[in-house]
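Some structures are shown below for you to check.
The same subunit A turns up in both complexes below, where it pairs with subunit B and then with subunit C.
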Partner chain A sequence: MGIVSPGFQGRRRPTGPNLPPGQYLTEDFPVLSAGPTPRVSLTDWEFVITTETGAELRWSWDEMWALPTETPTVDIHCVTHWSKLGTNWQGVSLDTLLDGVDTAADYALVHSYGGYTTNLPLDDLRDGQAWVVHQYDGADLPAEHGGPARLLVPHLYFWKSAKWVRGIRLGLTDEPGFWETAGYHDYGDPWREQRYQGD
Partner chain B sequence: MKRTGWWVARLVDRRVETDTSATLVLEVPDWPGHLPGQHVDLRLTAEDGYQAARSYSVSAPADGDRIEVTVQRVPDGEVSPYLLDGLSVGDRIEVRGPVGGYFVWRLTDPAPVLLVGGGSGVAPLMAMIRARREAGSRTPFRLIYSVRSERDIYFADELRRRVRDDQSLDVAYVYTREVPEGLSAQAHRIGVPDLNSHGWPAQLEPVNFVCGPTGFVEAVSDILVALGHEPRRIKTERFGPTG
Partner chain C sequence: MTDQLRPDPGRMDYLDGNVLAGPLRDVFAVDLTTATGRCAACGQTGPMAALRVYSNAPGVVARCPNCEEVMLRLVRTPTSAWLDLRGATFMQIPMPAEPTMMPGPTAM
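After this line comes the complex of A and B, so read on.
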């Protein structure tokens, strides 16, 4: 327990088991990004998985959305303390995209249009834990929220769910991404409050 | 040296900035220093152990163990009303940070700087203006500051004084609701003419720092890209109401 602030009550909004420590609920959808919002045309858009041997698998926009999609409803948790429960998405599971990819890699470095990167263990992209999504709440994903498509990895802090996703490089070693280089946690589990390096 | 976890700070002063904001001066023993543009998390704990934390920009360079955080009141917010009304000088509060290594101006960077602030988004930009002056840097700085009205300007007297005394600092205001008497401009949202007239040409390769509410930052950064600025030279910090 911290230093008690006399008279501080807090707002005691619904907490319950769905809210990780240090998070508060929000109904709106704040935006956090480090630079301008990239505008990506759907004719130029592609998604590329690159393995540790340099082999590449590519999907155009039309090829991607010809794949079977799922409609996950998930809770999302931002490192700046807000959480949003029960968000609705539509996208392709990474299990589908990684199916048949021949790799011995343990790590993934996700990269985006605009130059953003973030890293996570490859296992965290498997087993129904991650999607490339292009719809939010039944509509096209707005550019400021990562459209035309973003990664969705809701069990980690939301900076891991790279906006404007362009591809994933698989590797045998862990390579820190944009915020991870700037002092944020390498893994980012909200339930263990892994916000910053050393947490 | 890196310290993590929460530190205990003491409120040593609170300065009113506007009707809805104030600067808290906190003393944090052994504060390691911070870069202009970084933020801190502040945490409050109720008597039964309930806790609430929020992120705030640091608005000035460190003065020894003292740091300054400027807080805007979020109506019906959970943390900001307590910071502005409930916390008394001498009270203790928990702090963690400094956090964020990207939205940061570095003294060693010789590029001209454009700061674009919307409302309380001026706080981290003020840290840059103050740090530049404190270091005796002559890097040319321009600030475009969007406010509803003159009453909503943070640091108003200080900005006026700094502009008067410093030939390489310019400040331009954009009024979105109410233009001060005597000015011919119309109230408007920030647009291409403001950024064209008061920013730097893209050929000079300035660093652009944009901070404010999401819609403001989206609009300004889109315009800067359209004016030819390299996206990597546009650093943004967006915030919504965070209580």
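After this line comes the complex of A and C, so read on.
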């Protein structure tokens, strides 16, 4: 396999009815990363929502986890063709974090410790579709999987679920993120197999 | 921000830049790992083969060994290759001397 070919090769299994087109089931949890794993101390950690006017809402680690949490069980689908079903997380809904945010924005650019970015429509963060999660399978989220906290947007390809999430910038225009500026689809719906630009 | 980021000490989670030879040969006629590049972020100049390459990802990401900023991204889709070199100020590619372009004396 050439190293450019996207397609992390886990244990390949046949596709099934619960899988989007072109996906295979894995029981593993492959680690994909475009850079070194940031180590963020919980005392320094913060999550910031920045509106299109520059207004900022900030949460420290303790403030974040004093909010009501949810325990979503969801299927996740990586653009490199693996899917993992019934994954268990704990986190704060973006509905909670966006509640009371005064914005006319249509778009969100998620940014992470380490510099990663990814974009999506703001509506895709609302209505029970997205969380900031800090636990996976009943334990603290390991750093290689995005701990201390990552975004979880399971209805889109998993590159949208930014590891090491630090904040979200809301905007009136769409600003493509790290992979979206390098050939990957702007939206990334796995059920429509929107892997690359033009799909 | 860097004071909050502490990469794993001693952990080699990347490959060296020599692994770029094959995929870049698909795009360029020359082996670009012999080229010298300058990091647009920190200014360090060095061989492409010294970059830190992360390939367990949706594409290949090559980072500066000094500051870890991205110098090169390469994504291969079914129909094209996407190459982003914005993180490199320049690439100096070894080339043999060009044949002289000066015309010789001609009789009028």
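As a convention for this text, the second predicted complex is superposed on the first by the 182 of 199 C-alpha atoms of A that agree within 3 Å, B and C clash if a C-alpha of one lies under 4 Å from a C-alpha of the other, contacts with A are read in each partner's own complex, and residues count from 1 in each chain.
The rule is simple: a contact is a pair of C-beta atoms (placed from the backbone, for glycine too) under 8 Å apart; a residue touches a chain by one contact, two chains touch by 3 or more.
Given the structure is predicted, the values throughout are model-derived calculations rather than measurements.
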item: Touching partner for A:38 - first (subunit B), second (subunit C), both, neither; value: both
item: Contacts of A:28 with subunit B and subunit C, given as first, second, both or neither; value: first
item: First, second, both or neither for A:196, with subunit B first and subunit C second; value: both
item: Touched partner set for A:182, first subunit B, second subunit C, both or neither; value: both
item: Which of subunit B and subunit C A:81 touches, first, second, both or neither; value: first
item: Touched partner set for A:159, first subunit B, second subunit C, both or neither; value: second
item: First (subunit B), second (subunit C), both or neither touched by A:136; value: neither
item: Which of subunit B and subunit C A:89 touches, first, second, both or neither; value: neither
item: Shared subunit A contacts, counted only where both subunit B and subunit C touch the same residue; value: 2-6, 8, 30-38, 80, 114-115, 179, 181-183, 196-198
item: Residue numbers on subunit A that touch subunit B, as the complex places them; value: 1-13, 22, 24, 26, 28, 30-38, 80-82, 114-115, 144, 178-179, 181-183, 196-199
item: Interfacial residue positions of subunit A with respect to subunit C in the complex; value: 2-6, 8, 30-41, 44, 79-80, 113-115, 159, 179, 181-184, 195-198
item: Touching residues on subunit C, where the partner in the complex is subunit A; value: 1, 4-8, 11, 13-15, 19, 22-23, 26, 53-61, 63, 68-70, 73-82, 84
item: Sites on subunit B touched by subunit A in the complex; value: 2, 4-6, 8, 41, 43-47, 49-55, 78, 82, 86-87, 91-94, 96, 99-103, 214, 218, 221-222, 224-225, 231-232, 234-236, 238-243
